[in-house]
Amino acid sequence: MIEYNDASPEVRAVYDDIMATRKIDWINNFWKALAHDPKTLRRTWESIKEIMGPGELDTLTKELIYVAVSTTNQCGYCIASHTAGARKAGMTDAMFGELMAVVGMANETNRLASGYQVPIDDRFLAK
Amino acid sequence: MIEYNDASPEVRAVYDDIMATRKIDWINNFWKALAHDPKTLRRTWESIKEIMGPGELDTLTKELIYVAVSTTNQCGYCIASHTAGARKAGMTDAMFGELMAVVGMANETNRLASGYQVPIDDRFLAK
Amino acid sequence: MIEYNDASPEVRAVYDDIMATRKIDWINNFWKALAHDPKTLRRTWESIKEIMGPGELDTLTKELIYVAVSTTNQCGYCIASHTAGARKAGMTDAMFGELMAVVGMANETNRLASGYQVPIDDRFLAK
Amino acid sequence: MIEYNDASPEVRAVYDDIMATRKIDWINNFWKALAHDPKTLRRTWESIKEIMGPGELDTLTKELIYVAVSTTNQCGYCIASHTAGARKAGMTDAMFGELMAVVGMANETNRLASGYQVPIDDRFLAK
Amino acid sequence: MIEYNDASPEVRAVYDDIMATRKIDWINNFWKALAHDPKTLRRTWESIKEIMGPGELDTLTKELIYVAVSTTNQCGYCIASHTAGARKAGMTDAMFGELMAVVGMANETNRLASGYQVPIDDRFLAK
Amino acid sequence: MIEYNDASPEVRAVYDDIMATRKIDWINNFWKALAHDPKTLRRTWESIKEIMGPGELDTLTKELIYVAVSTTNQCGYCIASHTAGARKAGMTDAMFGELMAVVGMANETNRLASGYQVPIDDRFLAK
């Protein structure tokens, strides 16, 4: 983990932008680990910054999607950090419950579809 | 695939409820395959019906989450059917683009977090 | 795909053993593809032969487990070939239905457990 | 975690049914976490109860399948709880060893099949 | 799929850079699909360009790693395109055979490690 | 965990071969756990020994591939042990950074390819 005080100017610049963009005064461990590879730190942060800001989908919806993917992949760190992020963006307990219900069901029916070898309906084919 | 005309009364009752609930006049292949096991057909439909209706999260958001999980799991059938479902619920091309961007990024950072063996920050720990 | 008539003696010896062990007169595509790497062909066949024969678990149970894993991983080839294998070993339609129900449910609760960040009960800890 | 004494009547009713069905006097953490969303608690329990009871497949076989899926998905909680469940249903050390061998091999050949891009044999195609 | 002749100047600029960087005169379907979202097209290409060029690891090694991940995830498109990419970068049939053997084995032992609930050795702990 | 002093002659023979082959004087937990099933211990070790030795790909490249798969599967034990193995085989910090960047990107584009339902280009089709 590379702390702010031990960071190179290049890494500090990313840390500063993370804190300014998110209006927070601390850096979470994910970035402190990536800081061992400043190029990946910068590229990952710039991608996240471009993707996660509000656009056609609002920030809360994007955080819910992030939790859905992380839960499907069983990534402990990402579940913890993005569940916190979703709560900060407005996710209530009731929303979290519905999110988990959808994620669980999707993981179930994904396997029913493949195990039963269901062919794609013509109406669903990408054109 | 069990077509409506060949279905038992038990299976037809589920098919009828699917069409009435979704206000459509056809049944997609997923249900026609599950119909080989009427208990699983009924249980899966009742769960989907309970989960996917609007609640704290609206139907569009739930369909976006379904696509996110199916894409992460690489389930071809589910990607095709739920992308169609999301479009029907109002997903625009621009929303789809943002959905894919978030799903892609989450799958990337999930692996950066595990590969770098990042410990969960105290602030993110579930209480 | 390397057909029997085009195979080297080393590859033919494995093909012969597969057919003799399984009491069949043809080789499925999986082995014909692996035959491009005779060492992997031989090692994989010898492992499969050692593992899949009846032991403490019977052949049907082992084939059901194989289908469960292949369905979870969404491997189209493996789902098709091992579902055929399970049917040959005695799997009925009703057994297949229950297998799919368990596989679907396990994939669902796996995500509920991780998404809710459920800690392992002391009673379940490996000793 | 919602303990029995802090649970609403709706949640207690599910807890009571779990303990009566399984002939045990305690509730494991999975259900105590789900209890934050009583609808999902009830639906998940009713599905599990319907699926995991003996049918065409016996309880032990179903628990083995559950462990196979959980191991493939690397779900720590589920591996621990369903390995305990399988042992309670009669799984011996030798059976566990064979289960792991099959699960490992299936995960290996799933990737050999996809990496070699093996086409499905006509004989295996679902009809 | 957005063909070169139908592409906006923004998309064409990315297509031109892909062809110039890779010294080829055609665009593969992946980029033609992403072109529906020019921001994701540009960001993904710039990341790929930064990551996949020779650095501490040579291009062949990076393509082998790409095939390993794609095979593990069972992504048909990515297996096909990156196996072609690896061959172009110098992968021989014998190297491909060894790559598949390692990928298969890693997928097997990943599950043996989780199924047996193996604790991490102190010597392996990240410091 | 079965320690050397408590091991049967059959298990000790494998432990001895592991230590001799790897020129080390200790056994890591993975093998001590597998030792509960001597057949799987022996078969797994013999496969690993055959696969991981230098061939057309050198040992470092094979270890990098192992880490790539383990990271994609989120196997904590395997990430820790094979990252240590890769470092022993010569992986520098800079190589690790590039490895993670490729693994992350491949996991991202795998989902973009499936989510956009990209058809395989004719040029990439296996012949």
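Per-chain numbering from 1; labels A, B, C, D, E and F assigned in written order.
In this section, a residue touches a chain if its C-beta (ideal position, glycine included) is under 8 Å from a C-beta of that chain, and two chains touch if they have at least 3 such contacts.
A quick note: this is a predicted structure, and the numbers were derived from the prediction, not measured.
Visitor: Determine whether subunit A and subunit F, two copies of the same sequence, contact each other through the same residue numbers or different ones, counting it as same when over half of the numbers at the interface appear on both sides.
Guide: Copies use mostly different positions to touch.
Visitor: For the pairs A-E and A-D, output the one whose chains share more C-beta pairs in contact.
Guide: By number of C-beta pairs in contact, A-D is the larger.
Visitor: Look at all chain centres (mean of CA atoms) and spot the one farthest from the centre of subunit F.
Guide: If we average the C-alpha coordinates per chain, B ends up farthest from subunit F.
Visitor: Among A-F, C-F or A-B, which pair gives essentially the same interface as D-F, with more than half of the residue-number contact pairs in common?
Guide: A-F
Visitor: Can you tell me which chain lies farthest from subunit C, using the average of the Cα atoms as each chain's centre?
Guide: Using the mean of the C-alpha atoms as each chain's centre, the farthest one from subunit C is A.
Visitor: Let me have the rounded angstrom distance from the C-alpha centre of subunit C over to the C-alpha centre of subunit E, please.
Guide: Using C-alpha averages as centres, the distance is 27 Å.
Visitor: As a quick test, compute the distance in whole Å between the mean CA positions of subunit A and subunit C.
Guide: The separation of the two C-alpha centroids amounts to 34 Å.
Visitor: Subunit E to subunit F: how many Å between their CA centres?
Guide: 19
Visitor: Which subunit E residues touch at least two other chains?
Guide: 36, 39-40, 43-44, 47, 72-76, 80, 83, 94, 97-101, 103-105, 107-110, 112, 114, 116-117, 126
Visitor: Within the complex, which stretch of subunit D touches subunit C?
Guide: These residues of subunit D touch subunit C: 26, 28-30, 33-34, 36, 40, 44, 47-48, 51-52, 55-57, 61-62, 64-66, 68-70, 72-73, 75-78, 80-84, 92, 94-95, 97-99, 101-103, 105-114, 116-121, 123-126.
Visitor: For the complex, which residues does subunit F have touching subunit C?
Guide: Touch list, subunit F to subunit C: 39, 43, 47, 50.
Visitor: Show me the residue ranges of subunit F that touch subunit D in the complex, using the header's touch definition.
Guide: 36-37, 39-40, 43-44, 73-75, 126
Visitor: Could you pull out which subunit F residues touch subunit A in their complex?
Guide: That would be residues 74, 93-94, 96-98, 100-101, 104, 117 of subunit F.
Visitor: Spell out the part of subunit F that touches subunit B in their complex, as residue ranges.
Guide: So the residues of subunit F touching subunit B come out as 67, 71-72, 74, 76, 79-80, 83, 99-100, 103-105, 107-112, 114-117.
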